[in-house]
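In what follows, subunit A forms one complex with subunit B and a second complex with subunit C.
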Partner chain A sequence: MANPHRAEAIAGTLLALPAFILMWLMLLGPAVAVGLLSLTDWNFGEPRIGFAGLENYQELWGDRVFWISLRNTVIYVGVSVPATVLLGLLAAIAIEGVGRGRGFYRAAYFLPVASTLLAMALVWEFMFHPSVGFVNQVFRGLGLPTADWLQNPDTALFALAAIGVWQNLGLAMVLFMAGLKAIPPDLYEALAMDGADGAWERFRRVTWPMLGPALVFVVAITAIRSFQVFDTVQVLTEGGPSKSTEVLLFTMVQQGFTFLRSAYGAAITIVFLVLTLAITLAQTTILDRRAHYG
Partner chain B sequence: MVKRVLTHLALLTGAAVMLAPFILMLSISLKPPGEVFSPHFALLPTQWYAVENYTAAFTKVPLLRFLLNGLFVTLCIFAAQALTALPMAYALAKLRWRGREAAFAMVVLALLIPPQVPAIPLYIALWQLGLLNTYAAIILPSTISVFGIFLMRQFFRTVPDDLIAAARMDGLSEWAIVWRIMLPTAAPAIAAFACLSFIWNWNEFFWPLIAVQEEHLMTPPLGIAFFSNAEAGTSFGPLMAAATVVTAPLALAFLLAQRAFIEGVTMTGVK
Partner chain C sequence: MPGVALRGIQKSFGATAVLRDVTLVAEEGEFLAILGPSGCGKSTLLRILAGLETADAGEVLIGDRRVDSLPPKARDLAMVFQSYALYPYMTVGQNVALPLEMRRLSAWQRVPVLGRMISGAARRAIAADVAAVAAPLGLTPLLARKPAQLSGGQRQRVALARAMVRNPAAFLMDEPLSNLDARLRGEARAEIVALTRRLGVTALYVTHDQGEAMAMADRVAVMQGGRVLQHAAPQELYDEPASLDVARFVGSPPMNALAGHIGEDGAVVVSGARLPWQSTARGAVMLGVRPEGWVPAADGIPVVLERIEHLGAETLCHMAGGAVLRLSPEASRGLAVGQGLCLAVNRAVLFGPDGARLPLAAARREPAFG
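Here is the complex of A and B:
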């Protein structure tokens, strides 16, 4: 071998090249293209394309449906993320400390993550059935108010959020379990030496502060996944009743693919991307700050 | 003691809620139409209707075809992902070449882009190539997994350099080192990567919905949505039978390989 460094450099480049090209073709290139497309006036299939500056964004600004969609997405995320994170954390702590039956509980709570959401959404449609559905039967039994959850504009978005919580809770749970395992046990022992070993004290003084980075991560992951809500909307409500479950990705598909307004759909995609990136940015900022002062 | 019982009680209630949809799905898939809407829920049917429901699920729509499509698509996607991700991960983790840092920065950047973002340009490109409504249309956008590259790179970094140096002394090429040295040592990471890739692509609905309209190309989620639309809520028995069949492969795989699944998801959280 004449020059091993040169040989290594060539091998490195060649091995990385196929994935690098595919990454640009399928992901980075199209992401750039979506940004450029959003600055044009192109509708799918039209022969000519013209520069439109920020016209699509101006139209979005005045589009009532877009604002409803954005508002609904934010409500959906705002409801499902805290519920998912809180229940996931409770489940993780309870299962870690329960001893026998751990394997069963973990599997039961995680199963929805590994199942086909679309198939399960249809089961949920039946669960939310106004007369024979499980949900109303249980609510009636407990003396709680009942509703036609998916057909009522006041409840439909929350019913979808409940399905979202059900599906993502197990994910939050296993991520928290990994975080819990990383807490050194001697911290709890030290706390016990101080004479404080109640469950609440343990949680407040050790678990919660030590779990910080995991918490930020789980919130970010859950938020990003919730922003992508689409499957349940598409098969159960189609944005209705009266736009009460219209969410960003659904609006994007409607505009970009059903109405063939590619450029307008691209502008919605950019809004969606910016919101997702904002979550990631917030996550890194918070983690950095903790790293500096914590 | 009391605390332990209470914890179990709370966890059991939670587990009942988490499992209720699965139990309901199985239960309805066994019942005749008359019992599905009975006001009092019974777990088991009085008149068994399983054969009729499951037969209907496979004959009213080409359910077997959907399952085979799903299998074909997920296998092709994972093969392409592994074939491209492993060499790049090795190059990023263990080789020195110009542009390595920049390439890795791009992988991290690509990780931040939600999979729905490239949809419109990809659709336009596939349309111009005349590839809409083909298997290629479903498969191509997923052939790259930046998550896989990232995961494998992190894992490969922990492999000792001596092992690679010894392989080079034995005359192995860099390509051979990826597959004969790195691949076997990274088995757990690859298992996690494979599990996630299968969960994600078997369940994927957004992109196949856009890319194909023809029944014979539909993947399981698309097929079952199509079935549900066609039946418009009239035949819950066969629909739940189809839902059971579609959910079963992943659910069973998960129950058999829980550790790989959970580890995979823990390593990432991405999907």
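Here is the complex of A and C:
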């Protein structure tokens, strides 16, 4: 008679197999393929492919544009993530406090997340227009200095970051609202009985610590989305002026698709994947270690 | 330490009236249980007293002070929640210390890092008070743990400690034992009663468990449908229920309610049997008999024994038709299921068809049994 444990193990493996195959085919396979490609010297369209070892990475290390691109991406993420998280949290708390029309505000804030950024970029181009643009008109009205935001190397990256905040704000807000909903109301009541009922004490003693898990998740997801910034750069600045908005994915697309240097593009992609993976790992580690109260 | 009073409290949520003109007074140092089925308004009443909910009408007094319009923190009450509502990200020690920090430290001294530098002495005093409360509850070795690392019973004691630590004017508890298993519940009952006695603090205790209310409280207020049906000491509630609803809610198994009627001569007739009880009332009535209020006899109400429960110290005999008889194991010896019996009534109370209490007296003539 066959060992029943063995039979069960075989049945289990067989049942998991389709999902396992699909996961490799759809998710892990392409990543591995890109990794392998980055170790070759292949250019798109060429009949010949050869092993190049770490040559592409060595070239990256010495590539001035790559370092500018990495630096810009980090600055972009460093500016847009805190702004998105802060504004998203404020919006979530404000909307939670609204009695009526909560659904409307939630939908309004979420609209940019759901809409096509490519189309919305048109509106932003107009907004940032040096003479008729809304931003400069407001700044002028307030007596603040104006600029040609998208064409000035000092401001272009930050203008793009502002658009990124606008786009991701709704997502952060929705995630924070879900986090706020999960806070048991009797914690606020216990706090009131304990003598703390001011808005600041409520926020500091209950809301903020209870939002821990949501916060970690929001930071990770907005960071990953910010790392992926590409469409606004492509449409509004094309990496300029003078490489001031050159970001990782833009560099990758230029190398891989414009200059047809597929292997080199693949190496940039691997750098990008490693960064994204690092954020995800950091998120799971923090969630497991600290933000759990269960 | 002052008592508390609620006078003429009314409260509706939308079109639903939850409290209809409730008046309830807890004397200084009294342990008052508010007993009722779920949805009777007992928790809402407690929350109005705490200031977590505002009444539509009526007044709330703590001692001689009207507190209707004061926020919870100005009322000097402490509350134990059903869920315990411990702050999950704080240690046990921090949980218990928070009410003291909020009261004794200034806003500046409570500022995260910096505040610690200017509040050393005050914080040491708080830590000493926390330790003093924690020790008798057995929490001392747990002070550095988070609530998630505690058992249900331990969490419950942390909630008690947090409520007790600042000597409140009154101690409010909303079903604090309902998340514990039966054995722990018994221990916690005794613990809570002993604590409130020692502190001499007024306590209001909301529960749906009549056994808990009867065992713990000096007096019990029975609520139903947003009204207080009766407010009395446990024994009085049991012996002299003001209405059929109270009689049915208090006692386990509940009081038997037998449909009967009173003829022109004032004698109570149930199931065709004339009982040796007299009333000035006439017409249809309900006779309320506790399970131990009757005995098998030669003459009385005819019943058929349907089921016998041997509980050790006592035996419950369930009759066809729903009546329950409580006997000692000796007295129940020899009884068999399916057997016919006659029951004589030793003690009873009488209610009208509307459930209101009616007068009842044992007949002066020779009893029909004995």
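Please note the rule applied: the second predicted complex is superposed on the first by the 263 of 294 C-alpha atoms of A that agree within 3 Å, B and C clash if a C-alpha of one lies under 4 Å from a C-alpha of the other, contacts with A are read in each partner's own complex, and residues count from 1 in each chain.
In the analysis below, contacts are C-beta pairs under 8 Å (C-beta built on N, C-alpha and C of every residue); 3 or more make two chains touch, one makes a residue touch a chain.
What you see is a predicted model, and the numbers here were worked out from it, not measured in a lab.
Visitor: State whether subunit B and subunit C clash or fit side by side on subunit A once the two structures are superposed.
Guide: Subunit B and subunit C fit side by side in the superposed model.
Visitor: First (subunit B), second (subunit C), both or neither: which does A:19 touch?
Guide: Touch status of A:19: first partner only.
Visitor: With both complexes superposed on chain A, which partner does A:65 reach: first (subunit B), second (subunit C), both or neither?
Guide: So A:65 meets neither subunit B nor subunit C here.
Visitor: First (subunit B), second (subunit C), both or neither: which does A:216 touch?
Guide: neither
Visitor: For the superposed three-chain arrangement, provide the angle subunit B-subunit A-subunit C between C-alpha centres, rounded in steps of 10 degrees.
Guide: Taking subunit A as the apex, subunit B and subunit C sit 90 degrees apart.
Visitor: Regarding the shared-chain residue A:257, is it in contact with subunit B (first), subunit C (second), both, or neither?
Guide: First partner only.
Visitor: Regarding the shared-chain residue A:178, is it in contact with subunit B (first), subunit C (second), both, or neither?
Guide: Once the two structures are laid over each other on A, A:178 reaches subunit B alone.
Visitor: In the three-chain superposition, say which chain, subunit B or subunit C, touches more residues of subunit A.
Guide: Of the two chains, more subunit A residues are contacted by B.
Visitor: Of all C-alpha distances between subunit B and subunit C after superposition, which is the least, in Å?
Guide: 16
Visitor: Which subunit A residues lie in the overlap of the subunit B contact set and the subunit C contact set?
Guide: Dual-contact residues (subunit A): none.
Visitor: Subunit A touches which residues of subunit B in the complex?
Guide: Touch residues, subunit B against subunit A: 3-4, 7-8, 10-11, 14-15, 17-22, 24-25, 28, 36-39, 41, 83-85, 87-88, 90-92, 95-100, 103, 106-107, 109-110, 112-114, 116-125, 127, 140-144, 146, 149, 173-175, 178, 199, 202-203, 205-206, 209-210, 220-221, 224-225, 228, 233, 236, 239-240, 242-244, 246-247, 250-251, 253-255, 258, 261-262, 265-266, 269-270.
Visitor: Can you tell me which positions in subunit A touch subunit C when the two form their complex?
Guide: On the subunit A side, the touching residues are 184, 186-187, 189-197, 201, 205-206, 209-210, 212, 292-294.
Visitor: Once bound in the complex, which stretches of subunit A touch subunit B?
Guide: That would be residues 5, 8-13, 15-16, 18-20, 22-23, 25-31, 33-34, 37, 44, 87, 91, 94-95, 97-99, 101, 103-120, 122-127, 131-132, 134, 137, 166, 169-171, 174-175, 177-178, 199, 217-218, 221, 224, 227-228, 230-231, 234-235, 249, 252-253, 256-257, 262, 265-266, 269, 272-273, 276-277, 280 of subunit A.
Visitor: Quick one: in the complex, what on subunit C touches subunit A?
Guide: So the residues of subunit C in touch with subunit A come to 50-52, 71-73, 77-79, 81, 83, 85-89, 98-99, 102-103, 146-148, 162.
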